[in-house]
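The following block contains the structure, expressed as structure tokens.
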């Protein structure tokens, strides 16, 4: 890390500033030039765009606190979980603003509206999902590179889906969640380390790390209705997206708890399932959340997604590791991949039932196919670039360990040693476990 | 838990989906049938209802993050605190939507508006309060049953208070807080275990569990003005509810700190008081928050509530356990019960001073009486049902212990033991530290 | 603490209630007296003021959860960090409402509008910043006194800056951040303890305390755009303040990470830098956030602030302790002081470039000078008052230790005792950490 990371980060920030100077149109001047009675019209625009500000803030919480804390579940990798999440998102929202703006304006200068800011936050989510797949096995330098590359591919696919295919995907089940998951899985496949075939001792949670992760999980859960409705273009659709997401999420909680208990030994609940599968309803209802579906339909989607997600954690993730040599640290395939595909399929079915025009259905199917295909191709190429042994990758034994990239002062071992000497095992077990 | 829990959870979710299909009117069709120029009028409704969305989100944060983390203060029961809170709320909001809707529509189909969603979140709060009274001594199966029963009784009492007595209770001090507390106390009384007469060693907090609980406490504190104003029916009342709640809360913080220091040995502060009594001002001002009371009156209410709550924790809770055989784990009587009654009384006094018509005062008094009475009766019956020895109750020695219902992988001690066996001291020292 | 603290707290609360009764005009009566068709006009006012409610809530989160958790980074001082933060803010918002109201109404009665509530929250932020400078070395009694004194001085300076100099400072880089930092440094200088010249073993973070602090840091980061735009007086300026703050913050994250890695050994990242310097962009862009600056200009300000802040932590803070005998616990000079001054300077430059009228530029410079000067003078006087040995100050060896002022039941104390017996102070400070 000595110089590679700081130099690359500063270099990227300089590039961002130059690109903003070149491409971001300065609001006032534009309004002056295109409209003589400038103040009036600018005020109108601003008030309209400001209506999306609460939604922007809700999405913002999800990106920074939600995804950040969700990734603190590993007992020795919390600093990286929440810290590299912040770095990815802060760089990504700048690059997302630029690259999405350029796609939409066809290379012309463009203005920053609230919707741009929401879309920029959205673009970072794809990288945060993929980050989950490779969590603990990559360096911050690699994450800077993945941020730039993945957001570029995402912006291209997003443009294709929304501006060429004109498909519907309000909560971006396909374009963000399935895309981010399959991109991350492709990268994880390329970066597979046979040295980590055995379960790594660091790849565990402890009691308090699981509680930190619940902060992230709950803030994601709470604001998911805003995520799925933030970019809906009329109040009615926005409202419908909120209602459907709300009930889909609630249903997925109940089935996730039920299936977790069903599959674990002696009917116990598993924190990994609770942290993740309870959110699957939000992902899966994303594509059709603003369509004319009754709430009970959303609840069916959510119920299925919650159950499928738990089954994925239990059966698919181990299979991926052993058979496909794809090691998915956070199980993003179960939270974003499968539910994203369910969302895409639900969208296709809903459009097929609603619309007499079959081209719309084909569009939806093409959008799902395109999102997965670009994700896989983009992920394979990105993985190949990240595999170049120059990016300060951690050695196998230091994976999932903050102390490689962070100053970590302290140790439990020493504390434990002292206790061992002085206290009975019984007392100790009561004193130490909560720590 | 092996099959009881998952089967009951899945069964309940299926019932919810069926009830939604039967009772929730699908928005678009209704509007079409009752109004020819459908789009116009539907858009109007939607925009009005969307004005409540930020309030809904604030209440949502309180329900899921606020109550959830507030209940993580026990050092070995954090997963259940935040996890079962999520399960109760997710199931409860579905059932609350249905049962409240049926009461209001007199069994007809009904639409989902934002206010329904806020009221559904409110209905879950009663169960979350009662959950606090029995925290650590019940199984998830029992909580599923309590969720359904308590919300049903709540909806009946709410209908009585608001639609028959036409009483005022904007922040629902009586109908939610007093109700939830006395319902929970009644259940706790029936479920009393003489085996837990002595203080259970698990029933303690540790340093970090108290900090997790502060997350919950602070998010409740921050959003309480939204809770008390979310359902106010005009902007002026809503604004007044915000201002009064804001200052009442602030005052209760100062008196709670003062009284905590006054009552503890050597003037120290007690985290239990700080986590709970600082919120008493929000509860106590709930009934009259939107009435024409000046802010200093709200501050007096808050000051009294903060002080009374601390005194309750110090003197009443131990008395309840020993004399009444009611063991109130979280002390909900001090945070919700007493302040809820103070709120009800403040409402009666305010109405008596403001209104010349004495029937209004009688209504307020009847509402307080009804809320407490239905809570006690409902709680006793619910407690009797939960006492049936079939619901996977934890044995006495496993109370307040997550490991009965959750996979708890890592206590530091076990992790350490494993490492000791397998690894060199050097490696271990690097592996263990972060936990 | 035995009686000093509770009696002072109750006394202050009584004073607040009396002042509210005397000075806060009761909304309805005013409207009636000044306008016959009362309902109409009151409804209008209320709706306008309610538009600021989401901004108020965002600022509220920053004050209570943001600053509160940011100050939990010390391993044994988390209760005080988050708890005394709550006490200061709850008392301060009452006093701030009164003293700011009196200044603005010239001693007449005044109404509470949403903007008053935002300004009252703002006033508490100055104390919370100064609290950071003296964290761990003062008693709750001293903090009550500082709250009253600092907010009084702040209100006077704020009145001077905004109502006499008519300077611009929308995010209050000068009037809150620079003011709070220099006030705190002056107090810390007066309260300097030569007994703490050596690094205190308690003045360390542990793994989980750093994660708690990240909760605070992230919520501050997320809502900073609302902070800088909450009091902007027209939609256009508000929007501009949001956009500029958003990109300034993002840029400061990237440079803070880069500089942290550049300055630490072997290119590692330092949690102190990440928790603090990533916010410097929000502070530094505050003064000119609503001016007509293009986003890339905001990004340059943010980039510089992020870098300067990290350099400050690395080089200035140790220098302050050894040379100036000012020990700044949280490094508020690096997060609020330096970036606040950068913000003031950026404001002067922007106004000088934008406005032909040079008196405006002079105003800005005078505002910066006045904010620093009143802070230093106010801080020196406050420090002298707090130095009187009557306010239950902690002895040197108990600094940064919650157990002096809080009931700390479990483990930390015992763990510490065990360590004391066995280990040198040096080793201990590094080992105790995680429990």
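Labels A, B and C are assigned to the chains in the order they are written; within every chain, residues are numbered from 1.
The rule is short, and it goes like this: a residue touches a chain if its C-beta (ideal position, glycine included) is under 8 Å from a C-beta of that chain, and two chains touch if they have at least 3 such contacts.
All values derive from a computational prediction rather than experimental measurement.
Student: What's the call on chain B versus chain C, same or different interface residues, using the half cut on shared numbers?
Tutor: Here the answer is different, because the shared fraction of interface numbers falls below one half.
Student: Rounded to the nearest 5 degrees, what angle rotates chain A onto chain B on CA?
Tutor: Angle of rotation between the two copies: 125 degrees.
Student: From the mean C-alpha coordinate of chain B to that of chain C, what's the distance rounded to whole Å?
Tutor: About 32 Å separates the centre of chain B from that of chain C.
Student: Which chain B residues reach two or more other chains?
Tutor: Residues 54, 75, 206, 208, 215, 433-435.
Student: Write out the stretch or stretches of chain B touching chain A in their complex.
Tutor: 1-7, 9-10, 12-13, 16-18, 20-21, 24, 26-28, 42-43, 46-47, 49-50, 53-54, 57, 60-61, 64-65, 68-69, 72, 75-76, 78-79, 82-83, 86-87, 90-91, 93-94, 112, 114, 117, 140, 201, 206, 208-209, 212, 215, 405-413, 415-416, 419, 423, 427-435
Student: Can you list the chain B residues touching chain C in their complex?
Tutor: By the definition above, chain B touches chain C via 54, 58, 75, 204-208, 210-211, 214-215, 218-219, 221-223, 226, 234-236, 238-240, 242-243, 246-247, 249-251, 253-255, 257-259, 261-262, 264-271, 274, 278, 292, 294-296, 299-300, 303, 433-435.
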